[in-house]
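Written out below as structure tokens is the structure these notes cover.
Order as written gives the chain letters A, B, C and D; numbering starts at 1 within each chain.
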Amino acid sequence: MSTEDLLVIENLNKSYSTGFGGRNKTQILHDVSLSVGRGQTLGLVGESGSGKSTTASCVMGLTAVDSGSIRFDGREITGLSKSERRALRSSMQMVFQDPNGSLDPRFTVRELVEEPLIIHGHKDRSERALKVAKTLDLVGLTEKQAERYPHAFSGGQRQRIAIARALVLNPQLVVLDEPVSALDVSIQAQVLNLLAQLQDELSLTYLFIVHDLAVAKLMSHQIAVMHRGKVVEYGTSQEVFEQTSHPYTKALLDAVPGTKQGVGHA
Amino acid sequence: MTLSVASVRATQQRSNPIAVFLKRDIPLSIFLGLFILLVVGLLIGPWLWPLSSDAINLSNVLQAPSAAHPMGTDDTGRDLLARFLDGGRTSVFAGLLIAVIGAVLGCALALMAGSMRGWVDSVFTWLTNSILCFPAILLAMAIAMAIRPGVTAVVIGLSLHSFPWYMRTLRSEVMRLYGQDFIRSTDAIGAHPVRILLRHVLPHLIPTMILQMAAVFGASILSLAALGFLGLGAQPPTAEWGAMITDGQQFFLTGQWWIAGFPGLGLLVAVTLTTLIADRAREVLDPRSDAV
Amino acid sequence: MPVNTEVQRAGQEQSTATPVLEINNLCTNFELPGSTVQAVRDVSFTLCPGQRLAVVGESGSGKSAMAMSLVGLIPPPGKVASGSVKLRGKELVGLGDKEISAIRGKDIGLVFQDPMAGLDPLKTIGSQFVETIRVHQNLSVRQAKELACELLAEVGVNDPRRRIEDYPHQYSGGMRQRVLIAMAIANDPAVVIADEPTTALDVTTQAQVLELLERICDERGNALMMITHNLGIVRQLCDSVNVMYAGRVVEQTSVNALFNEPTHPYTKALLDCMIDPYTTVRGQLPAIPGSPPDLAAAQPGCAFAERCPLGSAEKICHEQRPEAVVLASGAVSRCHFAHELEGAQS
Amino acid sequence: MLSTILRRVGISLATIFGASVFAFILLRVVPGDPARAIAGDMATEDAVAALRADMGLDQNLFVQYWRYMRAVFTGDLGFSYSTGGTVNSLLGDRLPATIELGVLAVIFAIGTAVLFASLAVYSNSRWADRLLRTASSLAMGSPPFWIALLALMVFAVQFGVFPGPEGRLSPGLVPPADITGLYSVDALLAGNIPLMFNALWHLVLPAAIISIGPFAFLSRLYRSQLRSTRRETFVMVARSHGLTKFPVFNRHIAPHGLLSILPAGSLLFADLLTGSLLVEKVFGWPGIGSMTADAIIQKDFAVVQAVLLLAAVLYVVVSLLADVILTTVDPRTRVGAR
């Protein structure tokens, strides 16, 4: 267990090439450097097109990286072969934004939560069943619900299934790509509380992608603000909120409706 | 609009489409019932209808439809109902064969092209486009000339055209599926690409493939009959609806309509039924898709 | 027509001005195979000239369905089952396509949520704008184009004369929403209904669009009905609010009263869920337990009963539908314990 | 925009090359010994050997292919044994008849498909929609050659409304001067109006029957495009501005429908060719269709090879043309994003 942070990203660059022979390149990430301590949450904040989701999929190895290094638990993971990276996956998992799209509608909840175990070679059926039951209980889903199909659940419950699916392998790092943005505020609160409680119980490390600064402040120990592929501000959530240095962050803070005028009108 | 409508509609759609197929749609069940009736009738026809399709009987030539010969007799006195049943079997059997061969081959190619992408995809697409330049009938005709006219030549020709057609339509479906989040999430868990292909992509292709098989089945029956009509399909004395229409062609204009009439009607009913079934099934499967 | 907004809004609260929109017992249903979804259940309220009403609710609350029912734009299979919507005394429910079209865009302007899909990609901005103007005003194409350029300038599109010839895909999301707002006010409507106009936009763009909406309402004095789930927007832009839950208006009050002394348990719970970056503690964010109600199911009692901190234990809440109660402060709350809750406040 | 068109042309050329190789293999490799097939079983061995040498079949395949393609590029499509003339002249005589029939069939197909689909979708009535779907299913299922026989019996024999299977003109009428090869057009150009009407009179029935297939899939395509466009937000927005149902349908829904027909151009072409292959024979129409059917029976390889090549080239040209038109008509592709 090296003393270094669990996840360290240094000078990450990424560009997409389109057109004939990849002539015109669009640079998405410019020298992104971040790190997340064990059991901590790094909030990655930015508007659409800021590169925050690209950073997440680079960390997960879903998209290739142009240059720069990503070290996970002290080990460089950008140059790994496909099979090496697949083995690594059991210790880093991801939860997606759209509760409807991220679950295969043909699988029951049990099969969805059990699949990661099958993929990573847990042969013994009863052991798998035990793990699944434990994880479902962890996210507040009953045994009875395990036999039903995803379309029978509300958005909030589906996110719980997605979280169970990510936790059943008890990973060290969970990348959360806008996990609550598609949910109503009252349901958002339930899921955010669940994520906080799970982090404390299982000492998970979160890379938390979000466009809402308030959610970032609530959930994160550290916040990085990204704008057009660059990290424009990076510090503890206290510093980013109270001693805001970069004008873009200020603009983001001021843009939140209903905060400037204090309480109500007249 | 409000999410409430979408979420309520989603809860009604059980995940298993076959269960939805029959329960909710009366016309679909009727068409499906009629079609099964037709196919079963063709298969067990010979046992129910004693007359043989080849028995020439010069004493009752060109008989109009009667109790003895519900579909009348042709210019050599052969019973046309018996020939209709034989002809129908040829068509249905050949149609199924072409639909299945094309589906299996086309789906395999589509899965490979859709998952591997890169040069594999471009080569398969090039291969598909090169073959799909030719109408199915023209291909079958060329093959009939190249080897020997007959049902085999037609089945080869039509399968040659049907597998690229499956490949082209299923490939775009595979591409769409790979863009879905639940595939990326399974990939993020570390699933092997083959597992993703077989456990997640293929099951979602099945409904689309079944619909396309129905379309290819109908089109193949028509093409088989068309080639029979041009004298390139089934050769005499085998009974085949297309060839029977050619035999009845000259009698058509002199009043003996039944010789060419019934086989044509058989074709019309069989193929229209498959199209209606495919059409209704697509509607039930995904009411919003309105796909062609 | 600059009007001192403070005076005008303060006066309006107790005003006896005849309302521009009067909605009584509006019910809208969606006939789905095998079930009927009652999206809007017996909604009644009024909208006065210059009033800035927010209709707040989460998804499935029926807020959009209610708004669209007012102008008969409910997508099939939805339809207005009963109730009346009066525009300056003229009944709108049941009007033929011709009559209701004469009102849409003329008396009531609408702005929708998704600007990216709001304009016909095959036609220039100019041709769509001119079309919208000439439906209600008999101007020549040139005159209509001139008015369109003025309106585009008013909503902050720079160099309108050139930009009017462009196509929608040449505009950013924020700019398209500005164009749609310009179109909505092109015929100077008395009421502007905005159905979550900024939900699809980034927070910085959202701020600009909200500012634009506010400036327009100030300058033109039209009434605004803002459909949203974001209480921040309500605080910044509106002066009165209807809170909706499961198709019903559960609370009607002023924005001031909403944030200081909410009377309905759901409103209170919704306010608690708002994250205050400086005080909310990680892991203890107040949430509303359970999940949204099934709109196809019948609602004998109060729909919020089983999620309500107060009502889940009360038999009356589960069995008897609460009536709307007018409280001393003028607020209207649909809760069996409205008086007790109001009492607890003061 | 230019780079997309260049890329498309590149793909089209590759497809034509692929199709020509495929057709070549089909007719030179698959049959084993084409010379024996042509000469027939009774021909003597050296007669067959002479024929083989003459057709250059003794060369290796690549040389054969190269020689054939070089000939094609110089416009020489080879010699037709069954008709005793060059394939070029044969095509020259027969092609215009099929084109004339095809053009009218296209007009019928698109006209009826757009008309009925628009009515069904605009009226928004369930039975009209069901009627359209049943009609297009029936059209999909009707064997064109059988319908042709039926039509001839009813309209020609029974009621004499249309001419029997006597080809392009009534017997005894002299075809007009050959300008475009299309009798109705040439007659018009020559000012011979009765001749033009006679030509059209002969065209209507076969063209209508050939248009049944294309009508089937075009009506479905147009209907589904109209219905999906109708659900778009910009239609709701137009309604919210006060446009009544008809202008919204006319100005905002229908154009999207028409645009969706363009990519189906190549499918339409393939269906028309299929139709002409089957229906021309019944009407004794002197077009490519009946020619190909005869050539196949006579095993006239040169003609069939030429028809295959022609079909492939026209299919690719039509789809390329449709693509180019679509890219220029649709502003999203014509005008780059700002």
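In the analysis below, a residue touches a chain if its C-beta (ideal position, glycine included) is under 8 Å from a C-beta of that chain, and two chains touch if they have at least 3 such contacts.
If you want to know which protein each chain is, UniProt gives these names: A, C = Peptide ABC transporter ATP-binding protein; B, D = ABC transporter permease.
All figures in this text were calculated on a predicted structure; none of them were measured in a lab.
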Whose C-alpha centre lies nearest the centre of all protein C-alpha atoms?
B
Between the pairs B-D and C-D, the one where more C-beta pairs touch
B-D
Please work out the Cα centroid separation of subunit B and subunit D, and write it as a whole number of Å.
22
Chain centres from averaged Cα atoms put subunit A and subunit D apart, in whole Å, by 54
I'd like to verify one number: the distance from the centre of subunit A to the centre of subunit C, where each centre is the average of its C-alpha atoms, in whole angstrom.
33
If a residue has to touch 2 or more other chains to count, which residues of subunit B qualify?
7
Hey, what residues on subunit A touch two or more of the other chains?
154
Multi-partner residues in subunit C (2 or more other chains touched) are 59, 75
Subunit A to subunit B touching residues, read off their complex
60, 62, 85-90, 93-94, 96, 98, 100-106, 115-116, 119-120, 149, 151-152, 154, 162, 165, 169
Parts of subunit C lying in touch with subunit A, wherever the complex brings them together
6, 9-10, 58-59, 202-204, 206-207, 210, 229-237, 239, 255-256, 258-260, 269-270, 273-278, 280, 282-289, 291-292
Which stretch or stretches of subunit B touch subunit D in the complex?
126-127, 129-131, 133-139, 141-147, 218, 222, 225-226, 229-232, 242, 245, 249, 252-253, 257, 260, 263-264, 267-276, 279, 288, 290-292
In the complex, the residues of subunit B that touch subunit A are 7, 10-11, 13-15, 180-182, 184-192, 195, 200, 203-204
Sites on subunit D touched by subunit B in the complex
11, 14-19, 21-23, 26-27, 30-31, 37, 133-134, 137-138, 140-147, 149-150, 152-153, 157, 217, 220-221, 223-224, 227-228, 231, 270-271, 273-274, 277-278, 281-282, 292-293, 296-297, 299, 301, 304, 307-308, 311-312, 315-316
